[in-house]
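Structure first, commentary second.
Think of it as A, B, C, D and E in the order they're written, each chain with its own count starting at 1.
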Amino acid sequence: MSTATAAEGVTVPFGARLRNWWGSLDRWQQWGVLIPLVALIYLLPVLNPPLLTTEPGTDFQITLFNAARIALIAIGLNIVVGQAGLLDLGYVGFFAVGAYTTAVLSSPDSFLTTQYPWLVCVPIAMFVTAVSGLVIGAPTLRLRGDYLAIVTLGFGEIVRLLADNLDPLRGQRGFADVPGPEVTRADGSAVFTSSDGTPWYWLTVTVIIIVLMLVGNLERSRVGRAWVAIREDEDAAEAMGVPTFRFKLWAFAMGAAVGGLSGSIYAGQVGYINSQGFDVITSILFLAAVVLGGSGNKVGVILGAFLIVYIPDRFQVIAQYRFLIFGIAIMVLMVFRPQGLLGARQRLLTYGRQAYQRLIGKGEQISSESALQKHGNGVAQ
Amino acid sequence: MNPQEPPTDEMRPQDPVTEQLGVVPPEGGLVAELERMSPEERAKHEAQVAAAAATDREITVGVGDTLLELRDLTMRFGGLVALDSVSFSIRRGEILGLIGPNGAGKTTCFNAMTGVYRPSSGDVLLEGQSLGKRKRFDITRAGIARTFQNIRLFGEMTALENVMVGTDARHRTSVPGAVLRLPRHYAEERAGTDKAMALLEFVGIADRAADKARNLPYGYQRRLEIARALATEPKLLCLDEPAAGFNPAEKDDLVALIRKIREDGYTVLVIEHDMRVVMGVTDRIVVLEFGRKIADGKPEAIREDPAVVAAYLGVPDGSA
Amino acid sequence: MITHVTSVLAQDGLIDFNFELLVDRFWANTIDGLSYGSIYALVAIGYTLVYGVLKLINFAHSEIFVIGIFAAYFTFLGLGFAPGETADLGLAALIGSLLLAGVVAMVASGGAAVLLERVAYRPLRKRGAPRLVFLITAIGASFAIQQLFLIFLGGNAQPSIRLLRPTEAFEVFGARVTNIQIMTVVAAIVLMVIAETFVNRTRLGRGVRAVSQDPDTATLMGVNRERIFMLTFLLGGVLAGAAALFYLMTIPAAAIYNGGFLLGIKAFTAAVLGGIGNLRGALLGGLLLGVVENYGQSFFGGEWRDVIAFVLLIVVLMFRPTGILGESLERARA
Amino acid sequence: ACGGGGGGGETGGAAPTQQRAEPTQAPFTPPADAQLPAGDGQGQCSGNPAIAYIGTIAGANAGLGIAIKQAVELAVEEHNEANPGCQVSYKEFDTGGSPQTALAPTVAAINDPSILGVVGLPFSGESEAVGPALTEAGLVGVTPSATRPDLSQKGWTHFFRGLGNDSVQGPAAARFITGTLGAQTVCVIRDDSAYGQGLATEVTNALGDAAACDEEIKTGQTEFSAAIGTIESANPDAIFFAGYYAEGAPFAQQLRDAGVEADLVVPDGVKDPIFVQNAGEASEGVYMTCPCLPGDVFPEFTEAYQARWNVEPQTYSAEAYDATTVLLRGLDQGISDRAGLLDHVRNYQGQGLTKMFAWNEQGELNETPVWSYVVKDGQIERLSPID
Amino acid sequence: MALLELDGVAVHYGRIQALSGVSVTVEEGEIVALIGANGAGKTTTMRAISGVRPVSEGRVVFDGDDITRLRADLRVQRGICQAPEGRGVFPGLTVLENLDMGAYTRKDRRSAAYREDLDNVFELFPRLAERRNQPGGTLSGGEQQMVAIGRALMARPRLLLLDEPSMGLAPQIIQQIFRIIDNINSEQGTTVLLVEQNASQALALAHRAYVLETGRVVQHGTGRELLEDPAVRNAYLGVA
């Protein structure tokens, strides 16, 4: 299905170029880039850069927070879709479970008589969501491809409809006054309020960094390999001794837990949730973040999430056209970058690099990738 | 290893994959690189490779006792009987050929053995244990590995990673271990990479270790499948037409490779239509026709067996 | 007087059963379900066709359907019928107007589908985009089309125009069957048969099937892949246009910018239920979904309608992982 | 056997209309002294104050939001034209209509110091989500439409409701149904919105024993055969539909098509010309309740709106127009900070087009009449206040 | 004039150059064989001819017309038909429907000639006749190969491209396949371009042959010449 490209005319994919460049840096150079970059990311809400800002239409800090929470979701969904290749159209269900668990545990509107602090709710919410991932996954994961997609879509809708229909979950009346972390400033005012996005953004970015590291560990392991194998050819994977069902369940549960975490953070930030806003469209937008950024590429999906939130918010000022712009932007982006903003191969190549290195008997080091990259570059020059 | 040099890197002036890797292969390819090494380096490297390729599993019993047994295996698809109570057994350390006309049921036999199909009746026993109820991945772990007639690689993964998936069958790190990077993860990861690389070298395609499997030529893909299957450390290696798509010279290499595999202590079951390969490599041959076993014996005997000649060989093989 | 009586989920009474109502309304529900399900089915065929050939869940198909609704609506308007009223027409005029509106809707939907294929999907194909990308592009297209309607025609449904009032044609076990319902069901079946005949009995149809299974090899057989894709979208669009007409007749206030969304999801569910890629499956899935939804609503209450639809889907797929009529083709041979 | 004929003979379900007098129109004169945005043309404001609409523009139920937004914009324009000495800017913020997305634009409005007052938010759910933020910022918000009762019970100091809430409308509707219409059995159909749910509960409670059956539908649903089936089986004298016109219109139409003749009573969310258009003949004779004085009898407003936007004013356009007027009056007096405008609204007293505006402690209007209406010859006609 | 002419053809996969400057001529009525090791570019050459893989340099001329940029399906209409590597059997179509797909571009699908061709295929492969209503996807590997060849024959092409037709077939059938190729060439006058690993047989059958190595033509000559060439024997015939 692909067309030929003459050798000379080939453009090196942007992602690959970026990667090459990154690979060509020394370890300390990499840190030298990474630290200011992370610092810049943290500083964004304070800098509120003139061209980038979404104001006056929308509060930039809150937009950033929303982008961050969607990024967290995209990272979770990327495990399921990008890594294991399980098309999940109902991922919003996990987000909802996380948010609702938090709300039920902490909101005064809840049928529970005790209200727990937010920090206690978060791990519980993650756990409950992971379990819900197992509950949904166990019966459905033997379905293949798009049958799984529509079933997950169905489950996502069922979660929303249960929230809508079941009395204790309060439908559109919702749960108000979901608290955030109880941190106060010197003057006694709360740090985490719903109208100030900055602390929430910082919190979420920190969570993202931690999750990225953990998920990255997974991807660079037997587990990640098994996921990709399942994505590529489930039967062959099974024949090679991969317990496909178990690993698919793990993918579902891990993905769900991350989604639940995001839901929990979200509930704390807005302080009010009801059964609206957990619909199919939202779910598909999550997926759009993943695909737009580059399914399978963690950094890519973060970028994708940012766009999904940012584009409509940026055009708040012409509200009537913003979703039109958004829709067209998606189409255009996909045509020009069909592999997503960043391609997906980054992780897998590290193995090749390591092994290749060792094979030709030079790099003895396996634990540190950057050492190998550095070395590899040495060969290239 | 090959009178004719395998395609070298010269034909691939720019390989995007290796380029993305940040590792442009040494000029002249791996082979040249090996040649450039000093004798000591070379010896060290080869020792590494050999150590890594050697199977960890000790062979407890000597050659000769039954490893796998098919008992009255029957497989029906609707009205079609693809296997009709087929029984035979494979002894440890032997290379058994499974031949027969197209559609005789050879691949079906593999599929029934490896759990792809549930046999309609009959049983498969590995070391006396029934495989009937076991899951497919479990059968692999129990010690049967296979290749596929229609190549089934993980196309987007590199050749090396494909093999590593095989080595993972013997690894036990699961999600918690991987998330927390426990020591076992490191140990397994390292051992797996080494072993996989060694296997690629063993089957002769190490120079394309970092290429996507999808982009490899057909013959390389076949070899990669063998390496991947070997990586699971099987007691029994099942090859479904491994020589398909090879030219005679390459087939000779394959024969040598299969022999080497056996020398390393594996038992091999091979489906093959090429009589030179079959006669050159097998210790014993089972012949199927219309789902029934029609002969079972030494290659020389099979070659002469009138039933086999009529059903399968036709005019004495003229290709050699 | 009937009230919800039994309660499940213990004392909470979270969900009420109403068995009496289920029995009472059995035939009426069946008939209403069949006719509404026929609309699901017609839309589902579009999903199934496109899916079968491109393995693409064409989320924008619901907008193609909406385009058909608006096309039919504006045809009515153009023919001089007044909003808010039921026209009083002779039989000939009635049939003529409906035919015209149907043709316009089918042309509009079919054309839009082909256009969509051209501008949104073909460039992706040319660039060898992965499957998921098509899905996301479909979403983008769906957003864009919806917003265009919203911007140009506003957020409210167009005033309803009726050419025909539903009147009882006959009775089945005490449940009435209306003229519109009969037309809808008959049309769905006829169109399904035509589509099925086309795909299974004609040369082009065989091309469609070949492309759906292996586009590259199909090309080697001399099949013009691009034309097949276009044809598939056209056919799906045309059927959506037909569905649009009957939908508009059933629900005269259906001409609204986001009016396709819910129906689209249901129709897609129906397609999967029946076995996606299978035309007869789409019809069966649509009808079944329509009917079961109705039974379920009587039994559990209206708010459970969508839950019932999805639970039905999940249950069916548990037992038949490729849908009711889905190819139970053994998985690709090892 | 369904519909008209069915049911048999207990409560005389066949002819409920005979048990009551046909509700009639009470005389009504539109308030002559209504405050209009233009005011007296003598407004003098200090600085460049702005009024914001915060609510849905492009999101779900955008239609409802736009009807409000357009009225606000119209009011500001009329005001600016008439008052050279006081030019007020209009700003808008799209919340997408859902509590999930409402916060960011609201905070953006809060962060814009020129904005002194807000008209919004239209929906109860989003109002709930942003209430604390607005109160914290001291930014006054007059909602022209959010009717969920407990919004005024949250201790928010910024919140003012420009119409009666559902705990007023609900019982009034029930009284209308059982009293004026004389119905003895009533089916209550609700949608799943916070509004529909709350209102239906109020109505059902007030109906007491008369509530014969209930059924829930979903926002966005268009086919109601099952709900109508429940009604047919219950064969009530009247039906109350708690929801919006988007579902109300097809519901009414399908109800009549199925041959159900019982009285249909609908609330403010349905009281809109669109309902009449979309339900067609089925809207004839439908009764409506609304916690608003008849807003559709102001030809000048209707004309101006039509001229400006090319559409008729819709559900809460007039309320939004009034709410904007309240804020504008404050600015005309030269108020230049949020605290001042908040104070102005709190102490405001004035006749609007739709009603008298004067708020109590909670931000509820003191005078919250609920009126009944009926659709007659394709027009929504006022009947009388429900007492 | 040659029926098919490749003139300095280069093909790339992304940035991997799989063919460079390949020139091959096939005269009307000839059988020409391509041989070479794995990865030499044989399949790629076939794809370039049938048009599923675009050519980045050079020309493909068929019957005097430059078809370098012609769409693949239009090439089929001109009479180029390929039995691809990996068989490409439509898994969900029955054997009969698969064969019928081969005749997709034929105008005479209701005619006696068509029926005759079908009967011919079934005669050649009685196995397929038995399985005519079995879905292609459930056939054995060899049966699929038969379908692929039979399907190509159904097209009655002017130029038949066969990519490793003997792959996966039992020895008996292989003999048959070579006979069939000979037959359709001599009786129907079909020109054949053949990729075969079974080099000795292919060379014995072919009028002329080309040897590909790493994307280049390194040798060509008549079948006999190559068969006797020591280097070729050494590299491809496995006669050490």
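Here is the rule we go by: a residue touches a chain if its C-beta (ideal position, glycine included) is under 8 Å from a C-beta of that chain, and two chains touch if they have at least 3 such contacts.
Nothing here was measured: the structure is a model prediction, and the numbers come from that model.
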Subject >> Distance in touch steps, counted as few as possible, from chain C out to chain D >> reply: 1
Original post:
Among all the other chains, which ones are in touch with both chain A and chain D?
Top reply: C
Subject >> Winner on C-beta contact pairs when B-E is weighed against A-B >> reply: A-B
Subject >> Greatest separation from chain A - chain, by CA centre >> reply: E
**OP:** Averaged over CA atoms, how far is the centre of chain D from the centre of chain E? Could you give it in whole Å?
**Re:** 75
Subject >> Separation of chain A from chain E, taking each centre as the mean of its C-alpha atoms, in whole Å >> reply: 48
**OP:** State, to the nearest whole Å, the distance from the C-alpha centre of chain A to the C-alpha centre of chain C.
**Re:** 33
Subject >> Overlap residues in chain B, where contacts from two or more other chains coincide >> reply: 14, 16, 77, 107, 114, 116, 148-150, 152
Subject >> Contacts with two or more other chains, residues of chain E listed in rising order >> reply: 14-15, 17, 138
Original post:
On chain C, where are the residues touching two or more other chains?
Top reply: 147, 150, 216, 303, 306, 330, 332-334
Subject >> Residue ranges of chain B touching chain E (in the complex, touch as defined) >> reply: 3-4, 6-8, 10-16, 77, 100-104, 106-108, 149-150, 215-220, 241, 244-252, 273-276, 312-315, 317-319
Subject >> Residues of chain C that touch chain A when the two form their complex >> reply: 12, 14, 51, 55, 57, 59, 120, 123-130, 132-133, 135-137, 139-148, 150-151, 215-216, 265, 268-269, 272, 276, 303-304, 306-307, 309-311, 313-314, 317-318, 321-323, 331-332, 334
Original post:
Residues of chain A touching chain B in their complex?
Top reply: 7, 12, 16, 19-20, 23-24, 214, 217-218, 221-226, 228-229, 231-233, 235-244, 250, 254, 345, 348-349, 351-361, 366-367, 373, 376-377, 379-380
Original post:
Once bound in the complex, which stretches of chain E touch chain C?
Top reply: 50-52, 71-74, 76-77, 81-82, 84, 88-93, 97, 100-102, 104-105, 109, 135, 137-138, 151, 155
**OP:** Flag every residue of chain A that touches chain D in the complex, lowest number first.
**Re:** 54-63, 66, 164-165, 171-174, 176, 193-195, 197, 270-277, 313, 316, 319-323
